[in-house]
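Chain nomenclature is as follows: A, B and C, assigned in order of appearance, with residue numbering initiated at 1 for each chain independently.
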Amino acid sequence: MAPKKQIGNVLITSIIKVCGYSSILFVGLILVFLLKEGLPALKDVPLITLFNIRWYPIEGLFGILPLIFGTLLVTISATLIALPFGIGTAIFISEVAPRWIKEILKPIVEILAGIPSVVLGFIGILVIVPFFRKFLDLPTGLTAFTGAVLLGLIAIPTIVSVAEDALNTVPPGYRQAGLALGATRWQTIWGVTVPAAKTGILTAVMLGIGRALGETMAVMMVTGNAPVMPSGLNAIFEPVRTMTATIASEMGEVATGSQHYQVLFLIGILLFLLSLVINIIASAVSTKQRKRAERILS
Amino acid sequence: MKKFSVKDLSICYSDDNESLRKINIEIEANAITVLFGPAGGGKSTFLRVLNRLNDLADVKTMTGKVLFNGTNILDPKLDVIELRRKIGMVFSRPVPLPLTIYENVAYGLIMAGERNKKKLDQAVESALRQAVLWDEVYDRLSDSGFAISGGQQQRLCLARVLALEPEVIMLDEPTSALDPVSTSKIESLLTELKEKYTIILAPHNVQQAARMADYAAFFLMGELVEYSGGKDMFLTPKDKRTQDYITGRFG
Amino acid sequence: MIFSDIISNMRRKFVFILLLLILCLTACGTKAGSNAPNPDNTEQSQYIDNKGSDTIVNLALAWAERYQTIKPNVQISVTGGGSGTGLTALVNKSVDIANASRQIKQEELDAAKAAGLNPQEFVIARDAIAVIINPENPVDHLTLTQLSAIYRGEITNWKEVGGEDRPIVKLSRETNSGTHVFFLETVIRFSNKDDKTIFSANTLLLPSSEGIIAEVRENPNAIGYDGLGYVTSEVKMVAISSLETPEVYVIPSAATVADSSYLISRNLYMYTPDVPTGEIKAYIEWIMSAEAQQIVKDLGFVPIVENERE
């Protein structure tokens, strides 16, 4: 009996181990593949061409700067839009709303999270693009701003559900303690509950940014994809081309191993590094918090 | 002098559990009133009525009157924020707010609008001294409220309440999560504090109830079974149920 | 705790990818099986994979549907993606017929030869590229020089070409589209091979024909171009004049394309990896037939004239 049990244990442990290690392996393989295909670009394409402001690959112009700044512009604006809405909604659902509204809102947010981004892009083209053109009196509604709004919409459900979970795990004692000290409901939320859920809310924000950074389809449909170097405050209301949209729309046509192919992979590496940085920041913040918690428990 | 006069207080929660039934009690100022009885007897609910913290709970019906200094605090128009500043509360588990030690103590005052740094400093020091915590933490006031031991945390929570200079301090099983040394520190502290404050204590065992009581009230299944002054109840209980509980036959 | 959630989430994704991989592998396996020629049994259903130019995709779909009613045992799958995509797939041997709205490039031909292929070219229809604007825009004709200057970024306001005081928003297909390359060469560079001018950087590159039509239909500032077959009545076509006769403006139509008086027109192609045989040969022969060329006409393209057929 005992040896049989042991075999089962060993088996399950090793299966779990394999699963765990395989994810590391996959990430590693993806990185190796990206590096193998993308790094030659640094050798084959003159750096002066790469760090230029003109992207027109079919004529050998591989200036990636407008793409990088386009991505940053859209992602940062989307985050600025999604942050207050997402956290506000999370606070509303978790702290303020009466139970019946909570029970309606939560599934709605989940449905919003499940809408494919192509569908949102379609709505974007048909509704949001014309609306912004008329409302803001722009030459065209296909702008970075439209993309940012749409990305914000895509990132909000992620932020809401993770932030709401974080707020829910705050012990009710905190709220009661805040209230019992004569703080108002809002003072308790801002002064006690939100700070207590800080780590989780930060994770929510990082995941939201990651979602916005990686989104392709919706952005490709509404930002106009013009590789213009953003300059000045007005750039948000002009068309931009993001890194993801560039890879998605051009990867299909390129000949394997060509310069264009290598540069697209280089863009992939840059995206990988960007999301890596975001993840490192997120985990650095949460481990810092965890260390503090461990000190208290000991 | 009576701090609270409770008349025919009944509470029924939304899930149809009757939590308090026709409670009548008068609570004396500058004394320790002990509420004891088995879990679920209604002590916590009763405490949370006195500072209206059960506004958050799903209360279906609430009838009766609670007079605090002569005014009915169940009046929906009452300013609960003002009320809660006068009636402080300490919970069973220490819950420092996710702030520094200094900010924890100053929190109530800052929320009440106090911005004068000097006044805040004085209030924090005085509250920490009253809670006999000053000597232990004066050199690390900017550490997290979590960075001190459980007993210290609970005294921090008490200091936080004292900083508001309340009239009443309610403690809901304040020592249930603490070791005996910390427990006795808190108990002797309460005995000192009753000179200035009205103290309502829900202890977590009969021994503590007997040690601390100036007045004692026995709660059982939402009913106030017996209420009397002094330690008489623990020696010669009038009600059979009280006797059974004290002698350890149930609970 | 939240952190471990993320990790478990990641793991779930990997399992999903693994499943997807397995699915792909099995799918490839079955496809290869059905693709295997079976000369003994002509009733065996034959599978033709057809991919490429987005300009041609609707036409190719219409042909495939009609052909299915004639020969139910032949199944034709049609996908778009752009001329470059189709020709790349041809070189990678993953399609039977590639659609292209431009001729195969020398490097693509070289790559195909290197892969042991001998690509065959068929002109299957003619197409005109219509320049389109919003019906609200009073402009109705442009010279080729003006059109080029607009897309080069030298003319930026409609009033410079006789319109209202509005900024010009230039729309184009993505660079992987045959239409894009054709427009670049014929319009922006005036068919001059030495001219290296390119689109102005602020030209919007939209991923689909529908995207261009949608924006032009809605935005009075916009100018775009698209295959004649895609132009709907909700947008307005602009008459274009040539460099030689700038005073003669021509609207694209079947007639003006057929008599070559409309300038921006081109052949549409199909490529096979090698000299076609069997069902693929039969299909291409059918495409050249009068029946199939009527479909070309119905969809707004221009049928190939009699003498261009072999």
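Definition applied: a residue touches a chain if its C-beta (ideal position, glycine included) is under 8 Å from a C-beta of that chain, and two chains touch if they have at least 3 such contacts.
None of these values were measured; they are calculated from a predicted model.
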item	value
Centroid-based (C-alpha) most distant chain relative to chain A	B
Per-chain CA centroid nearest to the all-protein CA mean	A
Contact-richer chain pair (by C-beta pairs counted) among A-B and A-C	A-C
Chain B and chain C: spacing of chain centres that average the CA atoms, whole Å	78
CA centroid of chain A to CA centroid of chain B, Å	47
Chain A-chain C separation of Cα centroids, rounded to whole Å	33
In the complex with chain B, residue positions of chain A that touch it	171, 173-184, 187, 191-192, 195-196, 198, 292-293, 295-296
Interfacial residue positions of chain B with respect to chain A in the complex	51, 53, 56, 81-82, 84-85, 88-89, 91, 93, 95, 97-99, 107-108, 111-112, 144, 146-147, 157, 160-161, 164
Complex contact set, residues of chain A against chain C	19-20, 22-23, 26, 53-59, 61, 66, 125-126, 129-130, 133, 139-142, 162, 165-166, 169, 199-200, 203, 207, 220-221, 224-229, 238-239, 241, 249-250, 252-255, 283, 286
Footprint of chain A on chain C - complex, ascending	1-3, 6, 10-11, 14-15, 17, 81-82, 84-85, 88, 91, 107-108, 111, 166-169, 174-176, 181, 196, 198-199, 201-207, 211, 214-215, 218-219, 221-222
